[in-house]
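Note that chain A is present in both complexes that follow, paired respectively with chain B and with chain C.
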Partner chain A sequence: MNQADKPRVHISAQFNAELEGVRNDLMTMGGLVESQIEHAIEAALDGDSARAENAIELDLEVNELERSIDEQCTRILVLRQPAAGDLRLVLATIKVTNDLERIGDEAVKISRQAIELSEGGALESASARVRELAVSVNSLLKDSLDSFARLQVNEAATIILRDDDIDEAYTAAKTWLTSEIQAHPETLEASLAYLGILKSLERVADHAVNIAEQVIFLTRGVDVRHLDTLVVRDLVS
Partner chain B sequence: MNQADKPRVHISAQFNAELEGVRNDLMTMGGLVESQIEHAIEAALDGDSARAENAIELDLEVNELERSIDEQCTRILVLRQPAAGDLRLVLATIKVTNDLERIGDEAVKISRQAIELSEGGALESASARVRELAVSVNSLLKDSLDSFARLQVNEAATIILRDDDIDEAYTAAKTWLTSEIQAHPETLEASLAYLGILKSLERVADHAVNIAEQVIFLTRGVDVRHLDTLVVRDLVS
Partner chain C sequence: MTEDVAVNEGRSEPEEGTRNSPAIKITDLSLGYRDNPEALIDISLAIPERSVTAIIGASGCGKSTLLRCLNRMNDLIDGVNYEGQILFGSENILSPRTNVTALRRQIGMVFQKPNPFPKSIFENVAYGLKLSGIKSRRIIEELVEQALRSAALWDEVKDRLDDSALKLSQGQQQRLVIARAIALEPKVLLLDEPASSLDPISTLRIEELIYELKHSLTIIIVTHNMQQAARVSDFTAFMNGGRLIEFGPTEDVFTFPKSRETEDYITGRYG
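What follows is the complex of A and B.
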């Protein structure tokens, strides 16, 4: 290596370290919101208000990470002026951070409903419906974060398609709960809390889809938002 | 002017035109989602399903604008590598676009509830509550877009504070509707539709707050997300 190359290699190594740093923070944030959602759901299903408080407290950390990742991305854009691939990665990171923060917000909402339910009124049959949807949504969220970490376009496309099933399950659960309210108006408040939890879970799934769309944008350069699922289907090998 | 300056002036004029172009598109998108929300709410209050369909159709245009603005911003970042102020403007534009698109999604949700209500079941007293909240939320959204267009930090800070009143009005309306359901279980489905509309309006207000936060970020360089309202209060002169 001649002398002239040295500073360049040095800057590039530093730049790579910065990208790696922001990536690590994003993965930490992903892990945090995953456990936030898990705590919130378990709190709602077990009537464990301490666990719900825990999920709400985690949100401070999630918000702090959002702010820090945003700052790091802006810094990289200003100082490194990254080109094509790196630029796309930084832009995708900003968007995914935003989705993770909103998933954190849904975890807080679920936790608040959980605290309400813990004060009496939990309904066994509604809990079972929530648990069913929560299992699917949690695995969708986990897989979307994995597909982002590994930039797997195939897995990302599958997530977008799996969301259709979640929408269907959500609609079915909502219809069932509505008829439950008609049959048992005396448990209205608890039923509304479960309705809110279902709605939050459906939104978490939407955010997981947004994350998957960024994976496709990063790997294929295609913006698949709002496109027909046929286009997405073509990406699944 | 000497010859050497010419290309630079030319590039800078072209760059300014690009920034102006993306700004115009963002304002067009803002106007579109504003009228989408207006159509959706009027549809819900008048039982006018044609107007609701209209709001749903507008969403195609909104989504297309989101894609186009995102592309323009990425192009500017790649080709112009903008510095401090311009970079912040481009990043804020990407975020505001995302909020506008989500407001469009809420308009679609309200429209779907409006279509349901138009098939019978509209409730006069619930309509009045929705209208009240809709008036506040519409004016918050309009003011947030104005504050962004004119980069008025004072107005932006006021929007963040006004959202507290909207949250309060939302909670009061929700509590009232819940007791209505208990008193009149026979109109449950309509009441749930109104609850959904109120929820969507509250989310539109949250997005308006996000837009206002970007105005403060742009003018003061301060990231006020998740901060105490005292910090925001300091910005109001």
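What follows is the complex of A and C.
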């Protein structure tokens, strides 16, 4: 699909409506997951357990949307036998839905750790480290969802490249926390909670990358999964 | 290949044995006749041998006209004129010196509606063999059986070879017509909507037959049924308004067409 052109409509208005429906639901799901992650991060950093509960509650809606979108995609595959851009949209949607649901699960995990920390033991220095990574991951996720909504292939490629920095930041934070545990064994329990949060954030970034890869598949028809980041840059430039 | 054709070189490796030298090489082919001076415009296309090439496109796009050029069926149209070249081996099909009868033995054709002769099943297949000069009854019987087996019809008709062909079902008649064509051992088989008048089961039998036959000959199929084109062909050519818009491996044309026009057609969109 040439992204400069607006997609033309199907002769079958019903098919058009079905594809639009799936797309809209996917966008809704993306929005929900984004706010789930925001709630979870804020809860972890500010000790606001009410926000953590919010994030956990939203997961029910996210799970329900996953089921519904999968069902709609199955229906389109069976009844419409889509081809070309339509086929790629349905295939990418199934994959992205899966990633969004996993991001929701990570938000729940972060929220649970946040509730634990809010009951005592929050560590300011560890919190600062988490904040650093959380800011990058949050913006990566946001940009990834935007690139999907707008089908921006270059932005999607940038996300795949940005993940390398996040992996580095994660490793550095993990090393720092491990040495903190050795230096202050009394903080073990809280530190483990922070380690869990860091791990979850790193996973969220990986899922954001998966979504970006689907944007490239959708717009360019190339599968860039498991490729070197430089190859990805070449492919889309 | 003319410049404005989207050549879908694709990323997928075609099935083994399909990346062959061309069976037919069309160069700058244009065709017009009195009612339609631009029926085909500047078409260049190399059809890989021993594989299935599907030609798709809306009604009136020129796909059947293109198919009919390949065995000179368009000669029957009043006031037809060709430009360009269609190479079959070293021979230019469009040359006035071409022996059209001999050509059609090499490039057989099957139409939308099965058209068996009002004769017995056996005679339908034997007819062409006799015409080609084979006299021995034994050899003819062998070749008839072989053709009927290749057309996946033998088991259904072996006990009633003397029955009239017209007693067969539509699907069986179509396979009989294919048997009649392949009995002459053509190098190329042209199929013009071969399954569009058949029920789904007979259609699947024809598709299965196409799959079997491509190991020994080159098949070019014109079809309105895009799912069928996707299922049976190795390569797909998309035509619009007398022009070839895109050509490439079927898998790539159907998952990532290079041309916007192809995309719109196969996804059922309009501008």
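Here is the rule we go by: the second predicted complex is superposed on the first by the 223 of 237 C-alpha atoms of A that agree within 3 Å, B and C clash if a C-alpha of one lies under 4 Å from a C-alpha of the other, contacts with A are read in each partner's own complex, and residues count from 1 in each chain.
Assume a contact is a pair of C-beta atoms (placed from the backbone, for glycine too) under 8 Å apart; a residue touches a chain by one contact, two chains touch by 3 or more.
Keep in mind the model is a prediction, meaning the values are calculated, not measured.
Asker: Quick one: chain B or chain C, who's touching more of chain A?
Answerer: Result: the larger residue contact count on chain A belongs to B.
Asker: Give one of first, second, both or neither to describe whether A:Phe15 is in contact with chain B, with chain C, with both, or with none.
Answerer: After superposition on chain A, A:Phe15 lies in contact with chain C alone.
Asker: So in the superposed three-chain picture, is A:Ala84 touching just chain B, just chain C, both, or none of them (first/second/both/neither)?
Answerer: Both chain B and chain C are touched by A:Ala84.
Asker: Would you check which partner chain A:Gly221 touches, where first means chain B only, second means chain C only, and both and neither mean what they say?
Answerer: A:Gly221 sits against chain C, while chain B stays out of touch.
Asker: Following superposition on chain A, which residues of chain A contact chain B and also contact chain C?
Answerer: Residues common to the chain A contacts of chain C and of chain B are 81, 83-84, 87-88, listed in rising order.
Asker: Using the touch definition from the top, list the residues of chain B that touch chain A in their complex.
Answerer: Those residues of chain B that touch chain A are 63, 66-67, 70-71, 74, 77-78, 81, 83-84, 87-88, 91, 94-95, 98, 178, 181-182, 185, 188-189, 192, 195, 199, 223, 225-226.
Asker: Considering the complex alone, what residue numbers of chain A touch chain C?
Answerer: Contacts found on chain A: 1-2, 5, 7-12, 15, 81-88, 220-222.
Asker: Which positions of chain C touch chain A when the two form their complex?
Answerer: Of all residues in chain C, those touching chain A are 11, 226-227, 230, 254-257, 260, 262-264, 266-271.
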